[in-house]
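One chain, chain A, links the two complexes that follow: it is found with chain B in the first and with chain C in the second.
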Partner chain A sequence: MELQKFTYDNRIARLFMNATILWGIVGMLVGLTIALELIFPLMSNNIPWLSFGRLRPLHTNAVIFAFVGNGMFTGIYYSMPRLLKTPMFSELLGKIHFWGWQLIIVSAALTLPFGITVGKEYAELEWPIDIAIALIWVVFGINMIMTTVKRRTKHIYVAIWFYLATFVTVAVLHIVNSIAIPVSFLKSYPVYAGIQDALVQWWYGHNAVAFFLTTPYLGLMYYFVPKAANRPVYSYKLSIIHFWALIFLYIWAGPHHLLYSSLPDWAQALGVVFSIMLIAPSWGGMINGLLTLRGAWDKVRESPVLKMFVVGITAYGMSTFEGPMLSLKSVNALSHFTDWTIAHVHIGALGWNGMITFGMLYWLLPRLYNTKLFSVKMANAHFWLATTGMLFFAIPLYFAGFTQSLMWKQFNEEGYLTYPNFIETVVQILPMYYIRVLGGSLYITGVILMIINLIKTAKMGTFVPTEDDEAPALIAQNHGVDKGHRVIEGKPVLFTILSLVAILIGGIVEFVPMFMVKSNVPTISSVQPYTPLELQGRDIYLREGCYVCHSQMIRPFRSEVERYGEYSKAGESIYDHPFQFGSKRTGPDLAREGVKGGPIYKPDSWHYNHFVSPQKMVAQSIMPPFPWLITDDLDISTTAKKIRVMQTLGVPYPEGYAEKANDDLMKQANKIAQGLRDGGIQVEDTKEVIALIAYIQRLGTDIKKVEGN
Partner chain B sequence: MKIVTNALEGVSFIEWYPIIGLIIFMILFIVLIIKVARLKNNEVDSMSRLPLDEQDAEAQEIKQAEQ
Partner chain C sequence: MTTANNMPDNKHEEYEIDTLTNQRLLSNHEYDGIRELDNDLPSWWKWLFILAIVFAIFYMVRLWVFRADDLIQKKEFDTEMAGVNAAKPAPTTEVFEVKILTDSESLAAGKETWTKICSVCHLQDGGGLVGPNMTDNYWIHGNKVENLFNTVTNGVIEKGMIPYKDQLSQKQRLQVISYVLEEIVGSTPANPKAPQGDLYE
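Coming up: the complex of A and B.
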C-alpha cells in the first residue's frame, strides 16, 4: 500500500487555545464580579452596564459559548485530523470559523451589558448575532463533515460521532429557539409565547447543556483521556451504546425545568421519566472514562493532566446523577428557584468543563511547542486550587439552597408563614454567598497560575506550526463488505442524518401536542394584551435582566400561594413574547405583584422609591438601585412597530391600533405619574420608571378581573 | 402564538408524527444493541486504539500483553 504524506495544522488549534484561555479568565472574572455584587449591591455604583441583571447573562454566555466553545474547538481541531489521518478540509473555513466566533463573542460583550437582549436565558443574543451564530456554526459543520468525508481511516472514532452530533443538534436547537420577528436592528420578539415559549426555551436550554457542554466534551474525553493515559478506552462497545442512548434521551428531558409550572402534567412527566433514564448512558460514559485509567492509576498520582481528568469525569458523574434527582418532582419542589441549581451547574461548569479543559491544555500546549510543561508543581497547585475552589463554591450554595427553600415553606403553629418577609430568608443565607466568593477566587487563582505556567512553557519551546504524517489512502484499505453499525460509521453524512433523526424525535413528540392541542393552554377570557405603556415597561424589565433574579411562576404549593397569591395558570401568559417564568428567586416572585390586596402588592410610590434605592425601602435588600430609570426618557418612537409585530404574532390588538397606541400610552403614563406627584414625588410622565411601574402593576391582575365579576 | 400553530396545522397527519418517530427510534435502538453485541472483538479493539500512537512503546507493550 502506498503511503500518502500530509500535514496537520497546529496553528488553528493554537488560535482556539489562546481564545479559550482569554475568554475563560474573562468569563470567570465577570462571574466573580456578580458574586460580589450579591454581597455588595451598591458595588455597581449606579452604572447601568455593571448591574447584576445585565452582567449575569454576560457571565453565562462568556463561560458557555466563549470559554467552553473555544475549548471544544481547540480539542476538535487538534484531534479530528489526527483521528482521521487527514488535514482539516479547509484552512480558510477554519479561519472564518475562528474569527467569526470571536466576533460573535465580542458582539455579545458589546450588547448584553447595554441591555440589548431577547430575555431568554442562555439565548439572550439579539437576532443579527443569532444569524451570525447560525452561519459560523454551519461553516464549522461543513469543515467537520468534509474532513470526515476525505479521511484516510476506515473507521470514524467515537469522539468524532460526539463532535458531529454536537454540530447537528446545536444547529437545530439554536435555530428553532431563536426564531423571532425583528422590531428594529437590535430588538425582536420571539414567535413563541408563554408556556409554549417556556417549553421551547427549556428544550433548548437543557440541550445547550447536553450538546454544548456535554457531548463535545465527551468527545474530548474519548480522545484526550486515552492519549494522556496511553491506554485505549475501557470499552468501545459501551461507547457506541453510550453515544446513541445519550443523544436520544437527552433531547426529551427539557420539561424537567418546568416542574410544577403551568406546563401540562403529561409534558412534565415525560421530562422526569427521560431524565431518570439518562442516568444510564451518562454513567456508562463516566465509567468508560474512569476505567480507561485501569492499570494506570499510579500515573494519576504524578500527572496533573490525569488528576484533572479524573476530577472532571467524577464531577460529570456527580452532576449527571444529581440532575435526574433534581428532576424528581418532590426534590424539585425543594430545589427549584434556589441556589441549589447554581451549585449544581457549577459542579458541571467548574468540575466537568473546567477540569477537562485545563487537563487538555496542560497536555496539549507542551506538544504544540515541542517541550515539557514548565512546572508540574504549579500545575498540581492549580489542581488543588481548582478542586477546593469548586467545593468551596458549591457546598455553601447547597446549604443556601436547602436553607432558603425550607424557610420559604415553613409555617408556624397558627398556620401562617414563619418567614413572611422574603428578605429574612435572604439575610439567612448571605454568609454562604461570602464563602462562594472565596471558592470562586480560589478557582480563578488556579487559572492565573495555569496561564503563567503555560506562557512560561511556550517561551521554553518553539511552536510547531505543522506536523507531518503519512497513511495509506482509504480506497486502498477497503476490502470486504461492512456489516451492522460499521456501515453507518463508514458514511459520515448518513451518520449525521441518523443523529439528527434521533434528536428530532424527542422534540417532535413534545412540541407537536403542545402547539396543536388547544386544551394544553386553556384560554382565560379576561386575559388581555398588554397596554402600550405596559409593553414598553416589559421591555425595560427584559433589558434590565429582572428575570435573572425574579420568577413569574407561582407553583401550586400552599407556601407559595400564601406568600405570593393564586398559583400561575397557563392561559395567563399567552401574550408573553418571551415568557418570563425565570429560574431563580434571588428576590421574590412577581407573578402577582400587581394584584391589589394580594400578599405581595405595593403601591406605585413604593416601587418608585424602591428603584431609586432598594435599601431605603428594605434595609437589608441585595437588589441594586436603578436610578437611570428615573432620569431617562422612555423611547416611544418604537411603540407602533412593537404593536404591529405583536399583531403579526397573533396578539389581538384591534386593527389600526398601532397608530393610536402612543395616545393611550401617554394617557396611562400621565395617570400613574400624576398619582406619584399627588404623593409628593416629582416625576415626569415621560420617564422610563413610569412604564416599568405600569408593567409591574399589571402582573397577575388579569384573572382577578374574573373574580371581580 | 397562532403563527406557529397555523403553520403546523397545514401539515397532514401531523398527529401521527410523534408516534411514527418513536417507533422508528425504538426499532433502530434495538437493532443497534444487537449489532453492537455481535461486533467482533478484534475489530473493536483496533477501533479503540485509533487515538493512540502505534509507535509508542507502551501501547505496543499492552497490545502484546493482551494478545
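Coming up: the complex of A and C.
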C-alpha cells in the first residue's frame, strides 16, 4: 500500500487555545465581580454598564460561548485531523472560524454591558450577532464535515460522532430560538410569545447545556483521556448506546425548566420523564471515561492531567444525576428559583468543563511546544485550588438554596407566612454569598497559576507549527464488509443526517401541539396589549436585566399565592415578546406587582424612591440603584416602529395606531409623573423611570379586570 | 446490537488481549493510537436504564390514562388549598378586642412587625416617606386604635397601602398598632415628612 504524506496544522489549535485561556479568565473575573456585587450592591457605583443585571449575561455568555466554546474548538481542531488521518479540510475556513468567533465574543462584550439584549437567558445577543453566529457555525460545520469526507480512516471514532452531533444540534437550536423581527439595527422582538416562547427558549437553553457544554466535551474526553492515560476505551458497545440514547433523549428534557409554570401538564411531564431517562446515557459517558483509566490508576496519582480528568468526569456524573433529580416535580418545587440551581450549574461549569479544559491544556501545550510541563507541582496546586474552590462555591449555595426555599414556604401556627418580607430570606443566606466569593477566588487563583505555568512551558520549548504524518489513501484500504453500527461509522455524512433526525423528533413532538392546539394556551379575554409607554418600559426592564433576579411566574402553591397573589396563567403572557418568566429569585417575583391591594403592591412613589436607592426603602436590600433612570430621557422615536413590529407579530393594536402611539404614551406619562409630583417628587414626564413604573404597575393586572366586572 | 464486526465469531481464533485488564481489544478499532475494548454494557447500568424507561412509561400512563391528581397541577393546588381551609379553626364566637396593648412583650413584637413590614414605606423611625409621617398628631383616617386597626386590616388601596388581613394575624396587627401609638407617635424622626390629614389634640 502506498503511503500518502500530509501535515497537521498546530497553529489553529494554538490560536483557539490562547483564546480559551484569555476568555476563560475574563469570564471568571466577571463572575467574581457579580458575586461581589451581590454582597456589596453599591459596588457598581451607579455606573450602568457595571450593574449586576447587565454583567450577569456577560458572565454566562463569556464562560459558555467564549471559554468553553474556544475550548471545544481547540480540542476539535487538534484531535479531528489526527483521528481521521488528514489535515483539516481548509485552513482558510479554520481562520474564518477563529477570527469570526472572536469577533462575535468581542461584539457580545460591547453590547451586553450596554443593555443591548434580547432578554432571553443564554440567548441575549441581538440579531446581527445572531446571524454572525449562525454563519460562523456553518463555516465550522462545513470544515468538519468536509474533513470527514477527505479522511484516510475507514470509520469515524466516537469523539467525531459527538463533534458532528454538536454541530447539527447547535445549529438547529440557535436558529430556531433566535428568530426575531428587527426594530432597529440593535433591537428586535422574538417571534414567539409567552409560554410558547418559554418552551422554545428552554428547549434551546437546556440543549445548549447538552450540546454546547456536554456533547463536544464528551468528544474531547474520548480523545484526551485515552491519549493521556495511554489506555484503550472501556467499551465500544457502551459508546454506541450512550451516544444515541443521549442525543435522542436530551432534546426532550427542556420543559423541566418550566415545572409548575403555566406550561400544560403533558409538556411538563415529558420534561420530567425524559430527564429521568437521561441518567443512564449520561452515566454511560462517565463510565467510559473513568473505566478507561483501569490499569492506569497509578498514573492518575502522579499526573495532574489525569487527576483533573477524573474530577471533571466525576463532576459530570454528579451533575447529570442531580439534574434529573431536580427535574422531579417535588424536588423542583423546592429547588427552583433558588441558589440551588446556581450551585448545580457550577458543578458542571467549574467541575466538568473547567477541569476537562485544564487537563487538556496541560496535556496539549507541552506537545505543541515539544517540551515538558514547566512545573508539575504548580499544576498539582492548581488541581487542589480548583477542587476546593468548586466545593467552597457549590456547598454554601446548596445550603442557601435549601434554606431560602424553606423560609419562603414556611407558615406560622396561625396560618400566615412566617417570613412575609422577602428581604428576611435574603439576609439569612448572605453569609453563604461570602463563602461563594471565597470559593470562586480560590478557583481563579488556580487558573492564574495555570496561566503562569503554561507561559513558562511555552518559553521553555519551541512551537511546532506543523506535524507530518502518513497513511494510505482510503480507497487503497481493504476493510472487508461492515456490519451493524460499523456501517454508518463508515459514512460520516449519513451519520450526521441520522443525528439530525434523532435530535429533531423531541422538539417537533413538543412544539407542534404547543403551537397548533389552542387549549394549550387558554385565552383570557381581558388580556390586552401593553400601552406604548408600558411597552417602552418593558424594554427598559429587558435592558437592565431585571429578569436575571426577578421572576414573573407565580407557581400554584399556597406559599406563592399568599406571598405574591393568584398563580400565573398561560393566557396572561400571550403578548410578551419575549417572555420574562425568569429562572431565579434573588428578589421577589413581580408577576402581580401591579395588582392594587395585592400582597406585594407598592405605590408609584415607592418604586421611584426604590430605583433611586433600594437601600433607602429596604435597608438590607442587595439590589443596585438605578439613578440613570431618573436622569435619562425616554427615547420615544422608536415607539411607532415597535408598535408596527408588534402588529406584524400578531399583537392586536388597532390599524394605524403606530402613528398615534406617542400621544397616548405622553398622556399616560403625564398622569404618572403628575401623581409623583403631587406627592412631592420632582420628576419630568419624559424620564425613563416613568415608563418603567408604568410597566411594573401593569404587571399581573389584566386578569383582575375580569373579577372586577 | 452487533458490534464486534471484524471480530472472529469463533472464540478459539486469535484476538488481542489488553494485558493490564485481560480484556479483548477490538481489532481494526484504532484511531490515532486509541484502541477500544470489546466490553459489554455493565449490567447495573442496563438495569438503571431499563428502570428509568419503566418509570417514564408508568408516569405518562398515570397522567394520560388515569389523570392522576398529583400530576395535574391545578388539582394539586386545589388539594393543597382545601387541606389548608379544612385545617383552619372554626371562626370563634369570641370577639377580638381591639384595645391598645402596653405590655413590653407586645410592644417588642409590634416593633418587629414594624421593622419587617411597615418601615418599607413609613421608615424605621416613622418619619414617613412613601407613607405618611406616623410621629406627628396629624391623621388621615383617625387616631383611635380602631381607626388604625381598620386601616391596617383593609388597607387604603387607592393610596397604595395594601390590606394586611392576609399577611398579619389580628394579634400582630394590634401589636404593631400599639407599638405605633405607644412608641412612634411623639418621637422625633430624622427627616419628618410634612403633616397630612387633620390635627387631633
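The rule is short, and it goes like this: the second predicted complex is superposed on the first by the 707 of 709 C-alpha atoms of A that agree within 3 Å, B and C clash if a C-alpha of one lies under 4 Å from a C-alpha of the other, contacts with A are read in each partner's own complex, and residues count from 1 in each chain.
Here is the rule we use: a residue touches a chain if its C-beta (ideal position, glycine included) is under 8 Å from a C-beta of that chain, and two chains touch if they have at least 3 such contacts.
Here the structure is a predicted model, which is why all the values come from computation and not from measurement.
Contacts of A:Val191 after superposition on the shared chain: chain B is touched, whereas chain C is not. By the touch criterion stated above, A:Phe399 is placed in contact with neither chain B nor chain C. By the touch criterion defined above, A:Ile574 lies against chain B but remains apart from chain C after alignment on the C-alpha atoms of chain A. In the superposed model, A:Val509 makes contact with chain B only, not with chain C.
Once the two complexes are overlaid on the shared chain, A:Asp265 sits against chain C while remaining clear of chain B. In the superposed pair of complexes, A:Lys227 makes contact with chain B and with chain C alike.
When both complexes are overlaid on chain A, the residue A:Glu414 reaches chain C alone and has no touch with chain B. Contact with chain C, but none with chain B, is seen for A:Ile276 once the two complexes are overlaid on the shared chain. In the overlay built on the shared chain, the residue A:Met617 is in contact with chain C alone; chain B does not reach it.
The contact surfaces that chain B and chain C form on chain A in the two complexes overlap at residues 79, 82-83, 153, 155, 157, 159, 223, 226-227, 231-233, 236-237, 239-241, 245, 483-486.
Residue ranges of chain A in contact with chain C, taken from their complex: 79, 82-83, 85, 153, 155, 157, 159, 223, 226-227, 231-241, 245, 260, 265-266, 268-270, 272-274, 276-277, 279-281, 283-284, 287, 294-296, 329, 414-417, 420-421, 424, 479-480, 482-486, 556-558, 561-562, 567, 596-606, 609, 616-619, 679-680. Against chain B, the residues of chain A that register as touching in their complex are 79, 82-83, 153, 155, 157-159, 191-194, 196, 222-223, 226-227, 230-233, 236-237, 239-241, 244-245, 248, 483-486, 498, 501-502, 504-505, 508-509, 512-513, 515-516, 521, 574, 648-650. Across the interface of their complex, chain A is touched by residues 1-3, 5-6, 18, 20-21, 25-26, 28-29, 31-42, 45, 48-49, 52-53, 55-56, 59-60, 63-64, 71-74, 76-77, 80-81, 84, 87-88, 116-117, 119-121, 124, 129-130, 155, 157-160, 162-163, 166-169, 171-172, 194 of chain C. Chain contact summary for the complex, chain B toward chain A: residues 1-5, 8-9, 14-15, 17-18, 21-22, 24-25, 28-29, 32-33, 35-39, 43-52, 56, 58-59, 62.
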